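Note that subunit A is present in both complexes that follow, paired respectively with subunit B and with subunit C.
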Partner chain A sequence: MLAAVACLGGIGLVAATALGIAAKKFAVEVDPREAAILAALPGVNCGACGEPGCSGYARAVAEGRLAPNLCPPGGQQTAEALADILGIKIKVKEPAVAVVICQGGDNLARQKYHYLGLEDCNAAQKLAGGPKSCPGGCLGLGSCVRACLFGAITMTPEHLAVIDRDKCTGCEQCLKACPRQVMIMAPKTVTTHVLCNSHDKGAEVRKYCQVGCIGCNICKKTVPEAYTIDNLLARVNYAQADNAALAIAKCPMKCIRDLVDNNSAEKPGSDETVPAG
Partner chain B sequence: MKLPTFPGGIHPLDNKATTATKALVNCSLPNELIVPMLQHIGAPAACCVTVGQQVAKGEQIGTAVGPVSVPIHAPTSGEVIAIEPRLHPVGRPLPAVVIRPDGDERWHKGLQGYDPDSLNPDELRQLLQQAGIVGLGGATFPTHIKLSPPPDRRIDTLIINGVECEPYLTGDHRLMLEEGSKIVDGILILRQILGVNQVILAIENNKPDAIDAMRKLCLKTPIEVQPLPVKYPQGAEKQLIEAITGRQVPSGKLPMDCGAVVQNVGTAAAVSTAVRQGRPLIERITTVTGTGVRNPQNLRAVIGTPLSHLIEQCGGFSDDPGKIILGGPMMGNSQISLEVPVIRGTSGLLVLRHQDVSIKKPGPCIRCGQCVKVCPIHLQPTVIALCARLGLIERADSYNALDCIECGCCTYQCPATLPLVQSIREIKGAIMEHKRKH
Partner chain C sequence: MVSLILILVSAVFVNNFVLARFLGICPFLGVSKKVETSIGMGMAVIFVMAVASVVTWFIQYFILAPFNLDYLQTIAFILVIASLVQLVEMIVQKASPVLYQSLGIFLPLITTNCAVLGVAVLNIQNSYSFIESLVFAIGAGIGFTLAMVLFAGLRERIDLCPVPDAFRGTAIALITAGLLSLAFMGFAGLVKI
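Up next is the complex of A and B:
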């Protein structure tokens, strides 16, 4: 009994001494700032900065390869903390959030076929260009929901992705997961958006969606500086969007919405009938 | 006597009785033929006609681009009214020549038949390429490529595929009963090109009449008719080789690597027509069947006939169609429109009524191993599907996901109704892309 304890204890002592010496002798020199930066980062490993994870970004910032304001989940606070560690001054990026530019849920937009396969938008997109008739509409199979590390995306019962603007950190992972580019990044301060992603002609859009942009130009005529029409699809000009909300009531297709002020217009679909097929 | 077969596989209801006894019927010409430039595996043909041009039956309207490609021919005489992308069976618009038939069925001048004995193998191969002959079992791989093994591969067995293991389809069955002598002639030409002694015609024993008919026709020839037990996917190239010769095609290799070449009976008949009469491949046999069709039939339709016309020929829909599949139920593709044309690979058109289509929500995998048991190539579909879900591309590759032939046995068997083949197809695409990048 005693011999066993002494023997194991002895082995432990020798091993500990050896490990201790090795740790001192072979210690890898780390920039102390790198550890400090890593501690200041949110640690979600989302990859939005372009590095594989937070430790990669911390190293890149310490080495001066990347700017300290590239961490969207951390936002302004982290950027300032990182700048303090580096002892530099930086301009903080305006916070951006993802916006789903589609309102065509199952109740408002047609499907060209009934999809029965894998719950994955990218897989569905490969089958005849996806079940939704609209080439740009949200497929609603939740690839973005699974890609979001912050739980900021939910699916409505009509299979439409909805983003919680408070939870969204702007890491852009959902943009990468979406096969149809239904998500765009927009400044968080702008709340008025054109919620459509179809460049088709108006007559075509009306065939498959009750809330699709038909490129009628009315929004641009109402507030010229706040809207641009890009290939039959209206977009809010985010640099001059102060008065964009004025066009909400004018849009005949009700596809311009204020994402924060829900009372700005009646909800789409409330007074519409459900399309057949 | 125990019949040879391959390991794994399933026994789905074959549903062939509906059309197995119905003789081949020539489908009438529609008002408009849509002839896609991509009807084979390989590079699409290049269109060589202009809008407004008059074309004759059998005239080239698309030329082969590169060696792994075949030309496309006008299926009948008429006027080219458009050259534009049209909806293709793959689900998206692809370049096609639209022809309005003039009803004259005027053959192109200069199409000339030959006595195969007067030609050498190279001339015959070239003849087949010019006639646009591709594998008519459904894969549509250019036949002349399959018949050109590199000099270091010794081919000792030619297997002719009369298995037709896909449920519902009976086109090959009818062809063997009605045009057996043409098949035999085609087989002998194929044998001449390859220079092999052993020729085996494989037929599943749910077609005893075809086995008898072909046995009689092959009496004085070197062709041996081999009955096989019924099992899906016995008609798949690699499974058929294993069933007949006992040899397994190694992972990532081709049938010619184990000394065998497989050709479909329909292809053999097309080879005979192309050589003896000089007529290119402009029509094929399509089984229009299923509970959703009023009068199911085996139709001989020209390439480019819209599916709507086939349905019309068969008395229309019997009920509200729930699913329209081009090909058989196991490996066919669901279609979103009836404006899609018949192409060289269209072996069948299956229409199921709404009440026949089961829609079940997939449940969780319970690790029962059924998919592993039925997989004819000994893969672990459930593990590969899991890798697909988790995005583990290299891991999936290490489980040989690329060897999957997408026969659908695992999906058919899965008690949780998981779309296993779709998952595997997804990860196969990802693996291929990964390999291209690295």
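Up next is the complex of A and C:
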């Protein structure tokens, strides 16, 4: 009995002493600001700042290597908190969100072949350039859904990625995951977008998609400063997009959309049929 | 020498800690989503198992056995292993930040893991000599790493497959682990000790 108590107590005492001494002797000095910065960061380790994770970014900010406003998930709030810790002032960075510039789901856009492989867009893209006839359209296999750290992307039943603008933090992870660059970053304040990613000629676009941009120039004629036509594909000029919404009703293919106000035009495909083949 | 090799092979394949003895299932399922992290975890386990078996061997034969305190084995081993891992973590953090980055984050996870305690107890049960204990511990760690890396590789591929909704996540992972365990049962009879 006594031996057991003495033995276990002795082991415990030796271990405790050793740990106590080691804690003093091997203490690693850390910049106290680094811990404060790390606590103020969202802690999602998305890598949008360019560092491998939040702890790396915290160290870089504490050492002064990186600016405190480079964390898109944290946004303005985090940037201000970090600036407070460092005792400096920062510039406001306009928030951006990802936009899927395609609305050709299974019901509106044609498939080249029936894909039965791995559920991954990058794998599908390697097989004869992907199952979709359109070279730029969303493949709908959900690589971006899995890449999103914030659960901001969902798939419609028609296999089209949809971004929740409130949840999107602008970290650009989905842009990296997409093999077709069907996502772009746009200022959150602009809600009107050209939802097409095909540079093909109008006649060709019509063959495989009911809602593709045919490069007809009507939007540019309606609101010249808000649109640019680049290689047969219209784009909203995000710097002067105040009146861009005026062209929504004019677009013959209905591929200009207001992403927040969905009632501004009738929904595409509601009264049309699936293209043959 | 031959017996040492037999102990090693037996610990890695035949009596694999995860897939045949079912020890250390928690990190096996928890840290096996990516091959990279599973390798880091495996290295940490090999290291901790080797150190723990050395220390517990001395505790058993120089403190517990002389005083007839064998019944204190479990609690004494847990105490010693936990404080030892803490100590090693501190020293590594100070001495080599690079090693700490790759290994250190896994150390607290396995301080009192059943696989580590299992190595220490099995060493005594099988009455291994000091060298045999060390070889057995390293073999057990390698076996754990092997199982982890194989399983992580499988899970990475499963992530991309159209798994039925009801089986997604942990369900399919457990089924896969069961199949992997069945495959390892094929090694039974390879070594007779």
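Basically, the second predicted complex is superposed on the first by the 275 of 277 C-alpha atoms of A that agree within 3 Å, B and C clash if a C-alpha of one lies under 4 Å from a C-alpha of the other, contacts with A are read in each partner's own complex, and residues count from 1 in each chain.
As a working rule, contacts are C-beta pairs under 8 Å (C-beta built on N, C-alpha and C of every residue); 3 or more make two chains touch, one makes a residue touch a chain.
Values in this document were obtained by computation on a predicted structure and should not be read as measured data.
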item: Superposition on subunit A - do subunit B and subunit C clash or fit; value: clash
item: Subunit B versus subunit C as contact partner of A:A18, first or second or both or neither; value: second
item: Touching partner for A:L127 - first (subunit B), second (subunit C), both, neither; value: first
item: First, second, both or neither for A:I88, with subunit B first and subunit C second; value: neither
item: Contact breadth on subunit A, by residue count: subunit C or subunit B; value: C
item: First, second, both or neither for A:Y113, with subunit B first and subunit C second; value: first
item: Which of subunit B and subunit C A:V28 touches, first, second, both or neither; value: second
item: Subunit B versus subunit C as contact partner of A:A3, first or second or both or neither; value: second
item: Partner chain(s) touched by A:V260 [first = subunit B, second = subunit C, both, neither]; value: neither
item: Offending stretch of subunit B which, after superposing on A, collides with subunit C (from 62-70, 260-268, 386-394 or 422-430); value: 386-394
item: Common interface residues of subunit A - those touching subunit B in one complex and subunit C in the other; value: 118, 120, 123
item: Contacting residues of subunit C [partner subunit A, same complex]; value: 59, 63-64, 67-69, 72, 75-76, 79-80, 83-84, 86-87, 90-91, 93-95, 159-162
item: Complex contact set, residues of subunit A against subunit C; value: 3-4, 7-8, 11-12, 15-16, 18-19, 22-23, 26-28, 118-120, 123, 146
item: Residues on subunit B engaged by subunit A in the complex (per definition of touch); value: 91-92, 334, 336, 359, 419, 422-423, 426, 429
item: Residue numbers on subunit A that touch subunit B, as the complex places them; value: 112-113, 116-118, 120, 122-123, 126-129
